[in-house]
């Protein structure tokens, strides 16, 4: 459904952040986007959602298609109306509004209705109890649920989640990821999941891309990637248990790094 | 380099002081001989016997006004009055053939702008003769300059400081100064208290001075006017101010005055100033408890524009140092009316400003003519016009629309009627005919 | 203290706070959504009143129609201001934006002067200027109960102004459009990410501020008359906004009433020096607020979690 | 000083590095300019002398504002109020106490400075826009005081007539003479402003403007520096106010009003914030606009039926406001920045970079 074709993004006419990124996100599937800090994951999401513009960024080459329509460099408002929602990093919410007001705002672009609220409360029953609370006072996990729920209110065809696990307790992350999985299956929604926590991401994702330095360096079905040695080492943090890191490992790292770059 | 910077500056300062000592005088006050007149001068110089022929000459009158500030309500007709009067005079031959011209500067009611305009005017015309000013603040700021540069200032801003402050002497009023006006009105009221007093008022006049917190608004209150009121046995029980704005609420001022036992209100304001008090007195249902009086400007059509009902104006008392449009028996008023009709001025300008400037231009022409007769055109300067105004006194302007008297060191007239609004607009009826006002000019 | 006048001036002061609150509302509306403090609000107020005057007096339309037309005009004006003066300033520092609204106020003042002239003018009456309401209070002075006299137009201006604030407040609280505006005001980027058209929302905020300003202008002008100095009333509304809290709609009412009350209280003093402070009372209150509680009574203290 | 210089020109001594003016011909140009201003009364008409006189006084007021707003980043709407303070102090000292003008002027500066300090006090707790409100309060409260305290001396709303300075046997009663006072004051205040901006204090101001939190973390006493900026701005205003009052010869609570404060801010932005040339450019350009409005207004205004012909005051705020808005949108760094670009282009000619 979503197709990125060799796109390039430049900030402030000078700084090139993405160099020829191509990827796709099919209906009803979860796509994980992995990579270190500064690899260009968030920029990719912003390129899709149109929010680049607020930061003086621009897609300068390549194109982005959604359902057969070119959407690169459209206004974010219009992209949302096509059914693409980016859930921003850092659990950004309208802190002075209540939970329910936050949710209603999520649906406002398509004329949010009360029935949609019930749907969100089904996924996250806890929000229902908290719906009159001022959202700024919620706990981190509750805020994350709210943010995802708010995205859901727009009935998106594609939801992009930017680091939903950041700073949350592992159990909570588990719970939230399960709901995400459920959502994508039930609503037939494509999901792009940007994560640092590669293990979890690969567990629920169907397909994954690995980015470095503004390029996609590796991609493949999630299960397959999870078995890839380099992924294991660099992103899952798995080495043979108990073994001391030796000079050989470092050399190996360097080799791998070259390959990845 | 830094050292040399300071050396340079020190040198500059020294030079500056020397330079300022020998700075050129503000372009000479002695008139340069008018080139055209110079040739024919000798024949007429000794005794100006026959009327001189000044065809081709131009005499400029400079006019300061406020078309954008709080006094704009009256200024527009003021300018039109001057323009129309000058046009008519030129059509009938000017002053011995010389063309009269008016140059106007909009100062927005600010002294700073008035000074700038003054410098521009005196720069254009080294022999400026007459300037007409309007606001009290302007007149006060420029008073010294007029005296130094010997330029006659005919002013409608009648606060006493402009006339008699230190170093003034060339400022002449179109009406009595505000302390005189208040004194005259209060004298009249105290003499006729039984006739005009509110039904439940006592035998004593208790005065409340409710006005704007501006030079004009406070112009009536001077040491002399206070002393004069005290002599009349009138106590000032309240002095309150309100905003210079059509939206000003005078409720607290009025109620404070009432609580202090006031039965007469004096307001030194114009247009929406008196209207605010009259409106609020009616809105509060207190109109019958006060005699309301104000300066000459307060009794004008401009006030009606702000009254909630025209009837609210009824009963306002004011000194009236000129005739009014309704005095159609007077040829001067007839003349002004002819000008007004001929130039198709809108009805809203049928007010004191227009009439007064037709008269003011007439007064200027009389003074200029007299000065030319006395010293000759080639010697015509501000001083001559000044002397003419004093020598002519007492004299009537525009066939008695104004009665001027600048004798005895007084530079504002001391004659006024007292009038009262009785009925619809324009029904400014005479309560007391022309009479001498008290002379409350500041004692040096 | 002039005890006899105290109840009267307290009530008069409170009533005067109504139009102040409405004027302050215009400022709050713009600040809430755009974080711009609009120094040109006074000129919007003036132009709103001038438009009404022009339609009613010059064009001869019925008063209600004139007001409606003026509301439309000022809404368009507000919309235009956002589009052409403030949108280009997006991302500029506070100083530039403050100066932009100051420049705007000068330019609008010049335009008003140019198109309407400096002369004062009569404004159509909406409320009766006669027959004041008289209320007998339980307070006794010199063995007589104190009677408060209230001008009809003052009372009705107050009622309409407060109603106006309440209606706008309800609009913000209970409608989707209001919710969108509240959302946009909090976080521009987040609002964009969920599909709010923030520039349209900013435009609407300015248009709404124009509407509110026109209402205020008409209410203030109808009691007496109209001239260019009408715009200065907004100078008394600045303190109201700071007192109530820059983002708070209910704050405008409380702030307006308190400022009006403070003016009424000093007016009842028996010392003329203290009575005269009535004109600067809003600014004295303002300084006190700045020193004691800068965020105002109902201002948002930032909710931050660590 | 951040201006690109041609290749091959290096600072070889500290004196050269610190020098404001590096070339001899620049010295001569500056001297020639100043001399031509001082000689103005000998070759220019009175209206031009009067205009330059007013511009000089305005520039002083704006220089003060530049220290507070341009360098320290605190927006002030109270500059005119501090001018009122200075004007009254000087007027009273000269009129009543019979002080020499040269003694009254520093007293006026100091007095205004102290009052400015008082209204800077809220900077302890608030900043940015809130602080602007505090200065706006000054713009109402100070004139109120002149109207209401000591009515016997200050004469309430009517204000006071201000005596013409009389020094060295000269009465400064015409623009041709007064301009020497204004220009000399301007030269001195310019040197002072220039040195303040280059000193430790000036750098502290800039640090506060650019990031006050960071400046505080570096151990700077923010409050102290902000107060100093307020004080200095008001000192400049006091000097300008005294000069203006003795020039107008009349002073009341409305002589310098909110409108003046707004104009000064606008002039500063048009000229260039945080540049010592900014006040000169700004005052000059805006005064020229106003002169333009005065000269050509009457023709222009006849196009508008509602406006009385001659109401040139309508054009002044319009021209000023629109100019200010255009500058904010297209050249927020003001004319001084343009001037730098021009100079750079000239120095580096024929290469553009």
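Letters A, B, C and D mark the chains as written, and numbering starts fresh at 1 in each.
The rule is simple: contacts are C-beta pairs under 8 Å (C-beta built on N, C-alpha and C of every residue); 3 or more make two chains touch, one makes a residue touch a chain.
These numbers were taken from a predicted model, which means no experiment stands behind them.
Undergrad: For chain A and chain D, which third chains touch each of them?
TA: Neighbours common to chain A and chain D are C.
Undergrad: More contacting C-beta pairs: A-C or B-C?
TA: Counting C-beta pairs in contact for B-C and A-C gives the edge to B-C.
Undergrad: Among all chains, whose Cα centre is located farthest from the one for chain B?
TA: The chain farthest from chain B, judged by C-alpha centres, is A.
Undergrad: Let me have the rounded angstrom distance from the C-alpha centre of chain A over to the C-alpha centre of chain B, please.
TA: Taking the average C-alpha coordinate of chain A and of chain B, the gap between them is 79 Å.
Undergrad: In whole angstrom, what separates the CA-based centres of chain B and chain D?
TA: The answer is 35 Å.
Undergrad: Based only on mean CA positions, could you tell me how far chain A sits from chain C in angstrom?
TA: A distance of 45 Å separates the two centres.
Undergrad: Return the residues of chain C touching two or more other chains; collapse runs of consecutive numbers into ranges.
TA: Residues 113, 117-119, 276, 279 of chain C touch two or more partner chains.
Undergrad: In chain A, which residues are in touch with two or more of the other chains?
TA: none
Undergrad: For chain D, what residues touch not just one other chain but two or more?
TA: 147, 307-308, 311, 313-314
Undergrad: Which pairs of chains touch one another in this structure?
TA: In this structure, the chains touch in these pairs: A-C, B-C, B-D, C-D.
Undergrad: List the residues on chain B that touch chain D in their complex, please.
TA: 1-2, 4-6, 8-9, 12-13, 15-17, 19-21, 23-27, 65, 67-69, 72, 75-76, 79, 104-108, 110-113, 115-116, 119-120, 122-124, 136-137, 140-141, 143-145, 148, 159, 161, 165-166, 212-215, 217-219, 241
Undergrad: Can you check the complex and tell me which residues of chain B touch chain C?
TA: Listed in rising order, the residues of chain B that touch chain C are 67-70, 72-73, 76, 213, 239-241, 243-249, 251-252, 255-256, 259, 271-272, 275-276, 279-280, 282-286, 302, 305-306, 308-309, 312.
Undergrad: Within their complex, state which residues of chain C touch chain D.
TA: These residues of chain C touch chain D: 37, 85, 88-89, 92, 94-96, 98-100, 102-111, 113-119, 235, 238-239, 242, 273, 276-277, 279-280, 283-284, 286-287, 290-291, 294.
Undergrad: Which residues of chain D touch chain C in the complex?
TA: Listed in rising order, the residues of chain D that touch chain C are 69, 73, 75, 121-122, 125-126, 128-130, 132-134, 136-137, 140-141, 144, 147-148, 258, 262, 265-266, 269, 273, 301, 304, 306-308, 311, 313-322, 324-325, 328-329, 332.
Undergrad: Would you pull the chain A residues touching chain C in the complex into a rising list?
TA: Answer in residue numbers: 49, 51, 54, 76-77, 80-81, 85-88, 92-97, 101, 104-106, 108-112, 134, 136-137, 150-151, 154.
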